[in-house]
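This structure is in structure tokens; I'll ask about it shortly.
Read from first to last, the chains carry the letters A, B, C and D; within each, the first residue is number 1.
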């Protein structure tokens, strides 16, 4: 295992915490690490900061992510990686669409040419708002407590997407599934970062597979062309036992 | 030239996917068949769904992997759909099963047969789950009964996959001699410790070692069993290239399985090795890969 | 800081030379002690001189070595002179012995004691010679009798070196529990085939696998035995650097042996690892390496 | 194992045969390989030719070397290596002293500045005579059937060694043992290639050791300074069982 000492702990939202630590490794936006929480599990996390001072942004779900959140500066984190194929770099205007903790993998892509759509359940859960050096930041909440009330695909229906060189999307699968037809129709260049349960990160265990592709090695970033050909996307995944369940 | 017949099963080349690697999702198995594997073996399936152990369940170390996945599987009632998807590639799928008693094995095997698999592979060898695998597979009487029971009731061939973690593989191989083929070997029990965390990395503490580190051990079992018994053998353990494949074939294997190497080389490994094997055969004027089976027996 | 006491024996650091590597000539053992090893274990010595097998007897493979030296040794009557030369380095020499019966082991051990060794190590585990090693070491009753017999008659401590090639190492470890320490592990049985010559490379066909390929296997035995038994353990198998050494120590070893790594890194490995261990201890404010023994047991 | 096809078989003397084969590996004079004779053993052999077209010169002793001699062009030889530390290169005049099959390891050192002393039991066993592009070739035989009758140290007693930049010696240990005091007294720079039984070539088995040095990794070439400090040289070695016997 690789290990590093946490040098900073930042509460982002009521459910989300960012940890910063030094790690020399070259990592590109969209790549991830597998974090070992000794005694409690191992979970995939995107790098929300990809410079020398790396960062992860952890949302509390089950036991491992909660235990991870309990770490303090000075504590060590253990991980392996980096894993996965990164987002394709692009020049010119870019549109980033991040829902929930999905914003974590998009943060390293934010620049002054970016329009960023941040969505979350409510105002408090919006990630990184006010911290991003972007051209424009739009907020969307389920409950309307900030910005547009609704879901990203509803908001995007009224946008002119042709001004963007490329779109980058990360969030819950249903959100992305609903967005896909709209983006297909608009004919834009787009990349999506997908999520599946992951047990190895190295293309061995099959838990992250979608239509025979392993997201840990052939993803998690998938182009819109590839995504539109996947049978399982938005519909099926396997649970921890390998049982086929609806997404 | 590359075609082999093992346990009565015709394969377009000697290479299959080993159980437990990229074989729980039907689409993945299909894609592996499309990438050049002659057959795939499913993840080992039991009677009930099992989540398996808490991750870390797979840990890369020098020369291989340690794994203690804990026989996570959806249960026999939920695997039919995946097998159906895999079968749409038009190649043989082999159903791996694990149980505790002859009756449990039989029920699982019958369901597998109904799902359309070309053979069942009995996991008598998983080193890290209590009550199954090696615990079953190190009891010669139980092994004999399990195999006998199946052979009387199935139309498809039965493979028995044996463990290297026993006193005498030969004794168990003899007990399983009613099988149509023996699969040698499963992983070797091992562990890793993280010296900074000061604890074992795998949540199960112990796991099975696979990959090139165990190649010499697998070869030894194939050679030893071939020397003593007249039975088809499928070699597995650390195969990464055509030279490794030839070693296993010359030791006495009619077919081969590949697992861990998929992590290092991806799914194209099946295509690569079979191409290289074919080149080797033409270059050396060998008509069929079957002519080399056991060639190194002295 | 690096001093350890194992089986009552004080060592300046936890690192010894493993039996069978660079330890038949007294001058070589002396030089290894001068290179930083805290102790050396002699090649396993039997009652009569043995030439061993025809070469090839040692064959490097990925991740380690295969060897089937065949217990070549000059016999107990001819080893005294070598031990005397080795002892002139002023550090402990441990006499490894192999036999078939409790009486044979006793005679060998008494001669070793007379030659001035600090302990005897019983080779209950060589995997490739008929009538010795594993064949003896997989019989719990015989093991118990051998150890009992020695313990009643010797003043020096007795180490029992066990094989990983048995059904249950724990059963044998329990049978050997009268020993002052257990040495875990000997080599894992394996083989290699040359695909051009189409035959096994080692003249004995099978050999013992050592080196980094077996590290996870050795660790597992140390951990498992430590968990179940209150006995001093000496860890061996694939140790190449201070991290490996720490893994073995945290698994439960009080001392360590190094063999195969001498081929890759030379004799300076003892000095290097003990220096690195000392640095690690100071950096982490650990007073003694003994404080880490078994630290990874959960 | 490495393998190569024998392209040439040359009878050198009644007891000695040279085999030539292609092997790309860079090998320096004094280095050796371990030749596997499947079914009959494994024996160390110096490279008597170190270019791309390599060569070994094999003297028949026991079973393995005899079986090796039976190979024919087109057959394969199997080996591992190269092993060992080579001779030190030198400029200016050099003196090579080779006895019996010891000439094999010296042959790659022969150049136009070399004086070569070839010794053997009798005229017929003299190696490479007439084939070497040397300044001068001197022959010594036990029976006087060619050149000087006697042993190399007797012949050298009357030579002016100060004209040579460096001496290179390879032959039976007794021969070298007798030569050593004379060369010490002359104060020359000299290197000796020693022989011990070898079972591994990689510093593991201890069968090639002399005074705690492994000839396979720290030799077989040993400087005169080092040689003169060795207790076992010329006196003791271990047999196949590890029993100490007289050289």
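One rule holds in what follows: a residue touches a chain if its C-beta (ideal position, glycine included) is under 8 Å from a C-beta of that chain, and two chains touch if they have at least 3 such contacts.
In this text, all values refer to a predicted model and were calculated from it rather than measured experimentally.
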{"item": "Third chains touching both chain B and chain A", "value": "none"}
{"item": "Any chain in contact with chain A as well as chain D", "value": "none"}
{"item": "CA centroid of chain A to CA centroid of chain C, Å", "value": "51"}
{"item": "Centroid spacing, where centroids are CA-atom means, of chain B and chain C in whole angstrom", "value": "33"}
{"item": "Between chain D and chain C, distance of the C-alpha-averaged centres to the nearest whole Å", "value": "36"}
{"item": "Numbers and ranges of chain B residues touching at least 2 other chains", "value": "199"}
{"item": "Residue list for chain A, restricted to those that touch at least two other chains", "value": "none"}
{"item": "Chain-level touch network, classified as line, ring, star, complete or other", "value": "line"}
{"item": "Listing of all chain pairs that touch each other, if any do", "value": "A-B, B-C, C-D"}
{"item": "Chain D residues within the chain C interface of the complex", "value": "1, 3, 34, 36, 38-43, 76, 78, 80, 199-200, 202-207, 209-214, 217, 231-232, 238-244"}
{"item": "Of all residues in chain C, those that touch chain B in their complex", "value": "61-64, 66, 138, 165-168, 188-195, 198-200, 205-206, 209, 212-217, 219-220, 223-224, 243, 246-247, 250-251, 295-296, 298"}
{"item": "Residues of chain C touching chain D in the complex", "value": "21-25, 27-28, 30-32, 43, 49-52, 54-58, 60, 65, 67, 69, 72-75, 78-79, 81-82, 194, 196-197, 199, 201, 203, 259-260, 262-263, 266"}
